[in-house]
Amino acid sequence: MTSSLTPVDPPQLHQNPAFTQGMIVPAGPILFVGGQNGAGGDGVLLDGLGAQTEQALRNLLAVLAEAGTDADHVAKLTIYLDPSVDPAEGYAATGAVWGNRRTAVTVIAVAPARPGALVEIEAVAAIPTR
Amino acid sequence: MTSSLTPVDPPQLHQNPAFTQGMIVPAGPILFVGGQNGAGGDGVLLDGLGAQTEQALRNLLAVLAEAGTDADHVAKLTIYLDPSVDPAEGYAATGAVWGNRRTAVTVIAVAPARPGALVEIEAVAAIPTR
Amino acid sequence: MTSSLTPVDPPQLHQNPAFTQGMIVPAGPILFVGGQNGAGGDGVLLDGLGAQTEQALRNLLAVLAEAGTDADHVAKLTIYLDPSVDPAEGYAATGAVWGNRRTAVTVIAVAPARPGALVEIEAVAAIPTR
């Protein structure tokens, strides 16, 4: 499996170990993943930001796997966080599931439309060629 | 015209008849549609969520057609809804124009920047090959 | 360098000189740029909407250049504006850096998650072939 994404980090921009400024997806099929929230397979939201963040990422990993790709081929995440929560707490909750992978990212302080959802995560990913 | 999008729905995730968790766009040109709101050809916003939603979708269909594609090639919608409106009412308003097509989707409770706009819908679509 | 994006503007939609309704990216690699804010190379946010908007666009231009592309190959911008600011003031601030280029665009009135950030701009761009 070739990991063919190219991170883009101009030296004159502030560097952040948590993300890359841009990511190039090579020519080929692209997976668009709709917003994933912290609900389990029964559709019920878990309690609290940490549990919801981990579950949303697990859901995202499941969609990636079903599409024949994985977290190493994610180009960009868009993360919607309820304004009542601490972004740093949300970021801390990603480690166990997402590790320290860097992608391009946008983080917005806004509530997902579903009541009770504290976080929603969507993604764009390349489909690797074998 | 080949309809070549591939929906992605892992069996372990909660299934929802209204959307798919992810959609794969095949290699080829991709159309990015900017946020469409409920304004008619004169630029004036229609009254109410139902009318704005239908018009925004009609505007989206017009952009798709102009690009040589159609609703069946839409991979993902991002729907921004004014926090004052009921998402279920917005969803109900989509049926007449959009039918029961499934795409990947993110729905966020946030006002479009244009005053009076209750809904804004953007899309990513494949361009079918003939 | 070929500029191969195709703007899409159905005649029956309201025409706006500031943006295009859709943009077709040709088959090939695509750059996804994460949200750029108004921080300089030292990571410190500049003061005020005008300065932050110009800096966010300069940061975006730097990412485009590092990826081997440029503003003429941007298909879509998503612009997040703090609800406290005037969108027209933000738009006016783009001229000096962005000129009058038209792309597909979505503008949302929502605060970036980073405290103090009044504007965040993300982009999708084609990588031109030479």
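Letters A, B and C mark the chains in the order given here, with residues in each chain numbered from 1 onward.
Just so we're on the same page, a residue touches a chain if its C-beta (ideal position, glycine included) is under 8 Å from a C-beta of that chain, and two chains touch if they have at least 3 such contacts.
These numbers were taken from a predicted model, which means no experiment stands behind them.
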Overall pattern in which the protein chains touch one another (line/ring/star/complete/other): complete
Type of chain A:chain C copy interface by residue overlap (half), same or different: different
Rotation angle superposing chain A onto its copy chain B by C-alpha atoms, nearest 5 degrees: 120
Separation of mean Cα positions, chain C and chain A [Å, integer]: 21
Per-residue overlap in chain A, given as positions that touch at least 2 other chains: 27, 30, 78, 108, 110
Contact footprint of chain B on chain C as seen in their complex: 6, 8-10, 12-14, 16, 19-27, 30, 75-76, 78-79, 81, 83, 87, 103-110, 124
Residues on chain A engaged by chain B in the complex (per definition of touch): 27-36, 39-43, 59, 62-67, 78, 80, 108, 110-114, 120, 122, 127
